[in-house]
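Here come two complexes built around chain A, the first alongside chain B, the second alongside chain C.
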Partner chain A sequence: MKATRLNLAPWLFLAPFLGIFCLFTVWPLLRSFILALQQTYGPGTTEWVGLHNFRYLLTDPLFWTAAANTGRFTLGSLFVQLPIALGLALLLNRPGLRGRGFFRLTFFAPSLVGLPFVAMLFAPILEKRTGLINATLHRLFPIWDPEFAWMQEYVMSSLILAALWMYAGFNMVYFLAALQNVSKDLIEAAEIDGANAWQRFRHVTLPEIAPIAGFVTLLSVIGSFQMFELSYILLNNTAGPENRGLTIMMYLYQSGFVVGDLGYASAIGWVLALTLMGIALFQRWAARRYEER
Partner chain B sequence: MKLLRDQINRYLSPGALVILIIAIVAIIIAAVLPRRTAEGIPMWISAEPHFNAYKPFAQEWNRRHPDQPINLVLLHGTAMERRMLSGFMAGTPVADIIEPNIGVAAKAFAGPLESVGFLDLTDHLREEGLLETINGPSFAPYTSRGRIFGLPHDVHPVLLAYRADIVEAAGIDVSQIETWEDYFRVLRPLMVDTTGDGRPNRYLLEAWHTNPHAPSIILLQAGGRLIDENERPALNFPRNAEVLARLITWMAGPDRVCVDIETYSASGHRQRLEGLVIGSLVPDWMAGSWKRENPALGGKLKLMPIPAWEKGGRRTSVAGGTMLGFSRNTEHFETAWAFAKELYLSPVLAEQMFRDTNIITPVTALWDSPIFDQPDPFFSGQPSGRLYIEQAPHVPRRPSSPYVVSGLERFINALAALRRYADRNQIYEEAALRIEAQRLLDEAQVEFERFINRNVFLAQEP
Partner chain C sequence: MPAKRLLSFLLHALLFFFAALTLIPFVYMLCGALKSKFDFAATVFLPAGDGWFGIGWDRLTLENFTRLFTDLGLPRALHNSLLLASVSSILTVLCCAMGGYALAKHKFRGQNLVMGVVLAALIIPGPLLLAPSFQLLYKLDLLDTYTGLLLPGLAPAFGVFLFRQSMINSVPNELLEAARMDGAGEFRIFFELVLPIIRPMLGAFLMISFMGMWNNFIGPQIILQSPELHPLSVALNNLKGIYGTDYGLIMAGTLVSIAPVMCLFLLLQKEFISGLTSGAVKG
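This part shows the complex of A and B:
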């Protein structure tokens, strides 16, 4: 009798959390999976289609266009945004730098405003003729074509640029925190051993900040895969010319709420979720391997 | 007091205390604030000019029918779309009377016919002779599988608005223009480089391969179609390929005559005012919004029928649209129907709507009203209402489909792909481009059909 009571106690304590978790997380997940196996026109009009939505997705050229665009944006985030964020952090971490707080706030400030604001800001900046970039470049260099179509020919580059402005400072803060925890003794020891600046960075700083770098990388990948508002607003509620700005999240939204095919949208959502889970597991596995080495 | 403070400090941190106080205050405010209760039969509207025009009518109706008042509710277009579709699909509360635009209305037709959330008006319209009273083509976008679900609010014919000040100063007579070919030939001398940078500072038509506004208008004018009479996709219709190919000869290459201007933004209005473009395709509603948003253009513009696609061809097109529908679950249909007819068939409202928004009524019997003959200072004293009405009977039919927006996206993507092909291969002749245009549209058609055929509900319909 006593043993039974002891076993029940943790469950009683966990009950409020489990209740809320099941109601607001497990149940919707289950429902969305069932939805992915149906075609619906509202809850009253449903048709069981089995795995048809998933099969269609595998051969849907628009889904693969969205996946390729999302991949490009993710690569842009990883190979442009993160190195710049790390570079800014290294600059601000230099001993004796004056106005460090001011620069930190300046670089971080864009991340306070939110993606819709960034999109609203960049839309006029990237416009033809009257946009800040084209107008300025044309004035400075008359050979520059004022009709240079940033948002038509260079959709993904423009999106990466806008995201860079917002997130470089945000990621910089993570890197800065990690750099400030790098042991000064190790750096000094390497310096005494004759290591140059690159060798100190490569063999001392980088291994020390690797866990944070891994975490920031994972956050960037997840954030990039979930990118929606930026392209939605910047491209004026469209996917851009020839769907060049179509991302997976945007395609999910279009399928569910523009076309009204909630079953297919659910299938896209599940594929996205499983992809992100796979990436997170890979990141954990890679991080563990790195630590073991 | 001290005891109480000690007790609070013992159990709650300052942060938790702040959260608790905020929660209590929020609960009190939520409980005390009076709930907004809507009185009367709700009618959802998403166009603010319509809402403003209907307000006095609703007030007058409510004065005469205190037991059956109408409650006008202005909603953002997206909010109305979501609430309407949720109501139709999931049974959440929905207004008895709804005024959606053409794109939103069509989404209600995606399910089986018996699940369409709007009430079928076909028999009412036929019995009361409204099919003859209202301009015929205006019903088409609100008809699904032979049944009519909406009362059309408008016709939305399109005319060409051109910079009369610039054209007339150059001594050009536009009356000699019949086709697009004439238009570009006659106005070509106006494309000048005033800044010496090797680029023209003026173009002849506002149209671009990434902006669906002008291409969709020209497609319909030319007799092209995205959806056929049987509500099936028709992207690869041969006339569509002809339109794609000719549009690219206008938009690209050494003889380019079109310019890309944002349709609704402030910068777009500024560039129109600066004379970057001579001509724009302007439906009646857009003429109204230009008057409100860019009044400085007043007196500089004139209207003319759209140059024909080919000699003897149609001189107008159509863009946009709004309908009035009724929830199939309404318990007040008789009242709602009576109000709707009074509103949409009213000569007073038709005149007021034209004065406020430049939109002409679809009720053909009202087209003789003298208000449409009044000189319009914005269009250099032309009677803009009469010019739109002259073209109203000729607007092309637009068969409805819940996939019309997806079809237009695919058409515009084919146009963009053709532009890329033309630039890459330096091909700017219509005949040569037409082959590639047809290939792109054939490809898009296969994919579009496959996409639509996924809908098991439409596939089950006879």
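This part shows the complex of A and C:
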């Protein structure tokens, strides 16, 4: 009696999760293999095309435009946003700082806004002439051209800027948590040994926060690769002039849900997924090598 | 030491500068929401006039909000967003906490298999499932329904994983054994003993799920066709398509859309930040 109750209970607890998980994660995952080998006209009619989707993808100029744009956005996130996030965390971690709670909350606040609403907020900010950025820059530096076309010529820079505003504080929270775990004794010992601020950061702090830095980098890459809402909404539901705002995710959306070819969308999904899995494996490999060193 | 004083002053000045940069878009949105279409194009923040601080306070207007709430159907979208986000977050938390509890505090045949599947599912990127899920919802005749939008998101693998990790050490086995000896049923143990212990985690994950659905755009954009079902994200984007240059109106709508999440965050703040970082630091 008791034995059966104890054995049944975990399955009862797992039942809602497992049921929904199998139906809406495992099953679609299996279907996506098949779907990627088909062409569909809307969700109802399918036609078997074999590996044609993947062959077409390799020579599809739009896909490569999307991949290049996504790569540019990801690099911008990595090399602009993460150093700033780490810098803010280092500033906030200094002993004797007043108002730490206020600053932390302030920097974190934009990440609560949510991508679609960040895009709506940045639409007027990036506007020509009347927009906040151009109007301010023109007033501060009269040489600045108020007609500077953020959302026409410099789409990816604009998106990197919006993402920077939104996520810098979010990533800062992770860095700050890591910095607070760095042993104070270790830093003091280095200070006594005569290490200057840079040497202490380079040889004591950085190795200590490396695991979390790697984790944050991976999360940023994964998030940036799936970027959709920012450019889609900021560009009024288009890919922008000359597809400058087209991302892989937007191309997947357009192929699957505007054109109606779910098969091609699945093929794009697989290329995206395999790329991300490759990056994740590489990150784990690099992290392990770093730890063994 | 004056050098140290100067350094401290510079540090605070730098932080205030960055804080100002972070807050300016919020101020810009608030000002924009209170301006007429003409003033929005004419001034960056508040319109000039002869009131206090040389600002034309009398030119500010609530008209953007009135229009949104009377003619443009924003109450409907707000109601939809609140409904979708509350229902999905509560059910997701329940589903994941129960699953995580079984994996953390029970021993059963097939446990390793389930755990392996959960871990493997962590690396599946969402976009991969977009097209096949859409086809599945079409076949189940769930397109353009809330069931179709809510159901696929109720069982995220990372939720189960998070709850398992947080329960494994924080819920003492002796306590569960003692309760079982006293004859408490498994479900009573879960709801009255386990859930109160992991309250910070519940709060954090509730917040994450609520925000996930509230800020979800691609899901409702694909699944919901009827305008009366649209949540704020999609409804507001459609308004932006029609009244594209009426930025005052869009700013007012954006303000209404982010205010509830901000309020919820201030309520759950402590739990949220500790829950957000605890998994990362230990992992």
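In this text, the second predicted complex is superposed on the first by the 264 of 293 C-alpha atoms of A that agree within 3 Å, B and C clash if a C-alpha of one lies under 4 Å from a C-alpha of the other, contacts with A are read in each partner's own complex, and residues count from 1 in each chain.
Basically, a residue touches a chain if its C-beta (ideal position, glycine included) is under 8 Å from a C-beta of that chain, and two chains touch if they have at least 3 such contacts.
Predicted model only: the values in this text are computed from it and were never measured.
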Determine, for the superposed arrangement built on chain A, whether chain B and chain C clash or fit. clash
Regarding the shared-chain residue A:Val259, is it in contact with chain B (first), chain C (second), both, or neither? first
Is A:Tyr174 in contact with chain B, with chain C, with both, or with neither (first, second, both, neither)? second
Figure out whether A:Gly50 sits in contact with chain B (first) or chain C (second), or with both, or with neither. neither
Answer with first, second, both or neither: which of chain B and chain C does A:Pro95 touch in the superposed model? neither
Where does A:Glu147 make contact in the superposed view: on chain B (first), on chain C (second), on both, or on neither? first
For A:Gly194, select first, second, both or neither according to whether it touches chain B, chain C, the two together, or no partner. neither
Does the superposition put A:Pro241 against chain B (first), chain C (second), both, or neither? first
Looking at A:Gln39, would you say it contacts chain B, chain C, both, or neither? Reply first, second, both or neither. first
Hey, is it chain B or chain C that touches more of chain A? C
Can you give me the overlap between the chain B contact set and the chain C contact set on chain A? 40, 43-44, 124, 127, 130, 257
Touching residues of chain A toward chain C in the complex: what are they? 5-7, 9-14, 16-21, 23-29, 31-32, 35, 40, 43-44, 88, 91-92, 94, 96-99, 102-103, 105-110, 112-117, 120-125, 127, 130, 132, 135-136, 165, 169, 173-174, 177-178, 181, 212, 215, 222, 225-226, 228-229, 233, 236-237, 249, 252-253, 256-257, 262-263, 265-266, 269-270, 272-273, 276-277, 280
Can you list the chain B residues touching chain A in their complex? 82, 85, 88-91, 107, 110-112, 115, 197, 199, 209-210, 260, 262, 265, 267, 270-271, 276, 402-403, 405-406, 409, 412-413, 416-417, 420, 447, 454-457
Okay, in this complex, where on chain A does chain B touch? 39-45, 47, 49, 52, 56, 61, 124, 127-130, 142, 145-147, 149, 152, 238-243, 257-261, 264
So in the complex, which bits of chain C are touching chain A? 8, 11-12, 14-15, 18-19, 22-26, 28-29, 32, 40-41, 44, 94-96, 98-99, 101-103, 106, 108-109, 111, 114, 117, 121, 123-136, 138-139, 151-152, 154-155, 157, 160, 186, 190, 211, 214-215, 217-218, 222, 233, 236-237, 240-241, 244, 247, 250-251, 253-254, 257-258, 261-262, 265, 269, 273, 276-277, 280-281, 283
